[in-house]
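Each remark here refers to the structure printed beneath this line.
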Amino acid sequence: MELNGVAIDNTFAEGFPIWTSRILITAATERLAKVAATEATGFACSVIMCPAEAGIEKYVAPTETPDGRPGYIVEICHPKKSGLEHQLLERLGQCVLTAPTTAVYDAMGEDAEEQLKVGFKLKFFGDGYETKEKTEEGKVIYSVPIMGGDFKIESKLGIKKGVAGGNFFIMADSNMSALNAAEVAVDAIYNVEKTITPFPGGIVASGSKVGYTNPKYSFMAATTNEKMCPTLKDSVESSIPAEINGVYEIVIDGVDEEAVKAAMKAGIAAATKIPGVKQITAGNYGGKLGKYQIQLQELF
Amino acid sequence: MELNGVAIDNTFAEGFPIWTSRILITAATERLAKVAATEATGFACSVIMCPAEAGIEKYVAPTETPDGRPGYIVEICHPKKSGLEHQLLERLGQCVLTAPTTAVYDAMGEDAEEQLKVGFKLKFFGDGYETKEKTEEGKVIYSVPIMGGDFKIESKLGIKKGVAGGNFFIMADSNMSALNAAEVAVDAIYNVEKTITPFPGGIVASGSKVGYTNPKYSFMAATTNEKMCPTLKDSVESSIPAEINGVYEIVIDGVDEEAVKAAMKAGIAAATKIPGVKQITAGNYGGKLGKYQIQLQELF
Amino acid sequence: MELNGVAIDNTFAEGFPIWTSRILITAATERLAKVAATEATGFACSVIMCPAEAGIEKYVAPTETPDGRPGYIVEICHPKKSGLEHQLLERLGQCVLTAPTTAVYDAMGEDAEEQLKVGFKLKFFGDGYETKEKTEEGKVIYSVPIMGGDFKIESKLGIKKGVAGGNFFIMADSNMSALNAAEVAVDAIYNVEKTITPFPGGIVASGSKVGYTNPKYSFMAATTNEKMCPTLKDSVESSIPAEINGVYEIVIDGVDEEAVKAAMKAGIAAATKIPGVKQITAGNYGGKLGKYQIQLQELF
Amino acid sequence: MELNGVAIDNTFAEGFPIWTSRILITAATERLAKVAATEATGFACSVIMCPAEAGIEKYVAPTETPDGRPGYIVEICHPKKSGLEHQLLERLGQCVLTAPTTAVYDAMGEDAEEQLKVGFKLKFFGDGYETKEKTEEGKVIYSVPIMGGDFKIESKLGIKKGVAGGNFFIMADSNMSALNAAEVAVDAIYNVEKTITPFPGGIVASGSKVGYTNPKYSFMAATTNEKMCPTLKDSVESSIPAEINGVYEIVIDGVDEEAVKAAMKAGIAAATKIPGVKQITAGNYGGKLGKYQIQLQELF
């Protein structure tokens, strides 16, 4: 199958369930909201070695937020529910409460399967000086006095089992064609609700395989996927066609499978517009490990 | 003492030793280098609840880097040496190796007291396909093949006992005057070598006190410093003068005490240029806890 | 009348007709589109001394553009139709055709009152190597070969009599409160369709009066409005209350009066959320000069 | 000759004299200074159809500016001295005086060949409320009261005959390789003092030839240089080798020839680091038109 002249492989992305939160961070200005959202979602590419997977989902205009101020929705994800609560307390407590003029609201809404008492716990920082208000919709908001004014946080934050590991690979004639296509794919996904691309700038430059082939490195749980490395194309049994010199992957987490599918579709559509892109493929474990199988060709 | 018409309190900032690394991350473009540096230094405001303290120190022009590409110097800090090594392996392995076109070089240079074999360990990801080169200066650089080309990393990264907790507080007639002064102070400090401001956007909106005053919250190790909260000014025994309505703190970590002093000086000088700023003070524990005492008035 | 505790004056903004174009600039990446849009709308604050009034209206996601690439809608305005055509030829020909990977589409659509043959004229740059295609909707698009690929531009661009000079003034306790409120107002207006804020960063720091009071400066057509200058508050017959120390104006141009009203409403609502803002007013000439009178209090 | 494996053509860039100003714009924050500098240098790619050539030269830290605030140095250029004065009055009067918290200082310093009384003339906007101070170095600074405080501007701004039209072309295996190389070249040049890259994002996507070849378009003074268009490679007598699919030009203006040479050197060195770049060449008119001939190979 071809899209915009680019081959779309007959394969699928394999995804996994992950506990997911969806949180709105507002501030006095768009920049201040972004600073807090960026800090709170940093060091969060992959739970293999990072303490969480997280990213900024989208900007929310002041006309659309509960407090009439600009904001960003972030998603923070963890395989375990307790791990997610721990991450929320640390990331919201250290990277958002400390940031100028911020407030934190639940953005999972009716999608939530459970509620975590994150705001309830963080309000103890107020040492009794905090106050509590109930909104017309029955939500509880705490106001914690700090130097920069009052930090507001919703008492409970909704979570649900979302989907991690949505992905596709962009293969192009040159490294820079693949890289620009990856950049524009991330731009396109930024507009898809309920999804994030947790890696740096949304792009993955290093593909892994499970385990190792070099017997001296038997202590490694995962190593580079040499078959996908352009610079090894001529020295290993490579999966990369002769004309390909650049490969990047986009990894997507989302609130549900539909959202991840929509993001993959938008990202692939955008990437195939870039001159030099030749082929789109996806990563999977033969369907053995993950609960979700998203067929590339069925997206279109 | 006054500076630009602003009162500088006769007090001192109290700092602590912290193990500090100083690392150059380069990439094909300035933006790509910044993306990797930002992800690698996220979720790293204060070691009280974050796994590290980290930040971007400065931009380095292509003419000044070992590989002729643009880059950013970051500092990553941890109270324990083993903790710092762990953080470096995770943050460089997950947030920089995975980012497009990056390379990692030691930037501690002759300031280093010890060396950590971070590159040596991360190169195992290459599964034997990695290569090794020695520079003219005798440095060992590994090239690890990945999808996006070759990730390069210096074998050893220098560390030393740096200084955490440099700080000053900006007090102004309005919240926004204090906030803009804090922003401009961070801008100014960005130009001071060997220092970072680890909090979101470099600014701290929430001051803490040790322990609690509310007996119901006796499980809390630290709570809001109500004496420094403008919104509690009239209801508690406040440290805030009547004319002050906004307070923000700048926290500085650095490679050595001289660097932290220079950053405090530059930040205070810039903050006092903002209309509405009335007073600069600093935070300390009476000199009981920290090794370093930096007197505000001696900076000028 | 009060909004969020801020006084809204019983007055009106006085607006004028202006010939307005609304143009979509797309590119391979969001950044490239923004670079071209920024250059094309620079040096365009006020037709009093700039050759046009122009600004970026909004970002358009790749899923919403004719070519599936990210883009920005800009508006370029001029009092005369011939002047507008001249500006379009120069700004699109020099600042967009020359920019990497760009394309230009009409975004005025059915709002248009007339069509200018801007693409038709710019395509002569192709020296006969250009090609022409007709879209399914019957639009004519030219492809002009350049070094960076093919520059695409729609043959005709729609224009109409829009509205210039929508405005409101933010008055606050400190300069920085007013400035941050102005910034957040501009953020909010960015989300209102069919409007721009043509001044630098959307904010006007200098208010004018017609003519002069100093007889030595009788050659000046417009001079500073001393009654609105906080630093002259105590030395002239000032319009500024004692508690006000900062004043900024937001000027809005738009495709029609409804759009300008919506932008004024969104901007004022956002500005009044900023601590320290005390009063919102508007600028007019007593209704003598402009066709449009937008009453502040009627917006809410 | 080769640099980093890239062929450097044995040719030269041909440059022209142009009247050049060099101006420091400071503001309360780095962002505010950048907003004003961007607006003041917009619509200024080439004097062929823009009213000036202009760009941001570099950021200046608060520790290095006359007023201790962050700033940007801009260069604004025009072939005629009177045209330059006109542009300075309009661009500084409309795009900087109107921008929040700005001040304007001469940055040409001892390089100046003449002085323009730009500040002296703009101060009439103050209607007699302006004040005048003399610095220790004997410079005259006017303070003009406006709504946002006081706008400060140095009375005289130095100008000199600078150099326009420094240039080089980047040719690469794919459009995106050439484009990323152009981007990184501009990044590198940003660090070279006394030079600007006036086109959008510093990059030129459209090369011109004098006149026309299509007899129907004999009214055109300049048209696309079809020999440098990758998409016409197979249909015209092309100057582009078979392996080249992307071409971008960098144009540089500077205060003197040495600065332009340094910028060309830094830009070429950076561009040749990007994978896929094959060849660097330059544009000239056989030496017939321009005063300056900068040989590419002599730069290294």
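The chains carry the letters A, B, C and D, assigned in the order they are written, with residues numbered from 1 in each.
One rule holds in what follows: a residue touches a chain if its C-beta (ideal position, glycine included) is under 8 Å from a C-beta of that chain, and two chains touch if they have at least 3 such contacts.
A quick note: this is a predicted structure, and the numbers were derived from the prediction, not measured.
Of all residue numbers that take part in the contact between chain A and chain B, over half occur on both sides, making this a same-residue interface.
Greatest centre-to-centre distance from chain D is found for A, with centres as Cα means. Centroids built from CA atoms put chain C at 35 Å from chain A. One finds 25 Å separating the Cα centroids of chain C and chain D.
Separating the centre of chain A from that of chain D, both taken as means of CA atoms, is a distance of 39 Å. Chain D has residues 28, 149, 175-176, 179-180, 246, 274-275 in contact with two or more other chains. If you check the complex, the residues on chain D that touch chain A are 31, 172-177, 179-181, 245-246, 274-276.
Contacts from chain C toward chain D in the complex involve residues 28, 32, 35-36, 38-46, 48-51, 89-91, 93-102, 124-129, 144-151, 169, 175-176, 178-179, 182, 199-201, 203-208, 212-214, 216-217, 219-220, 222-226, 228-232, 236, 246-249. Chain contact summary for the complex, chain D toward chain B: residues 4, 28-30, 61-63, 67-70, 149, 180, 183-184, 187-188, 190-191, 266, 269-270, 273-275.
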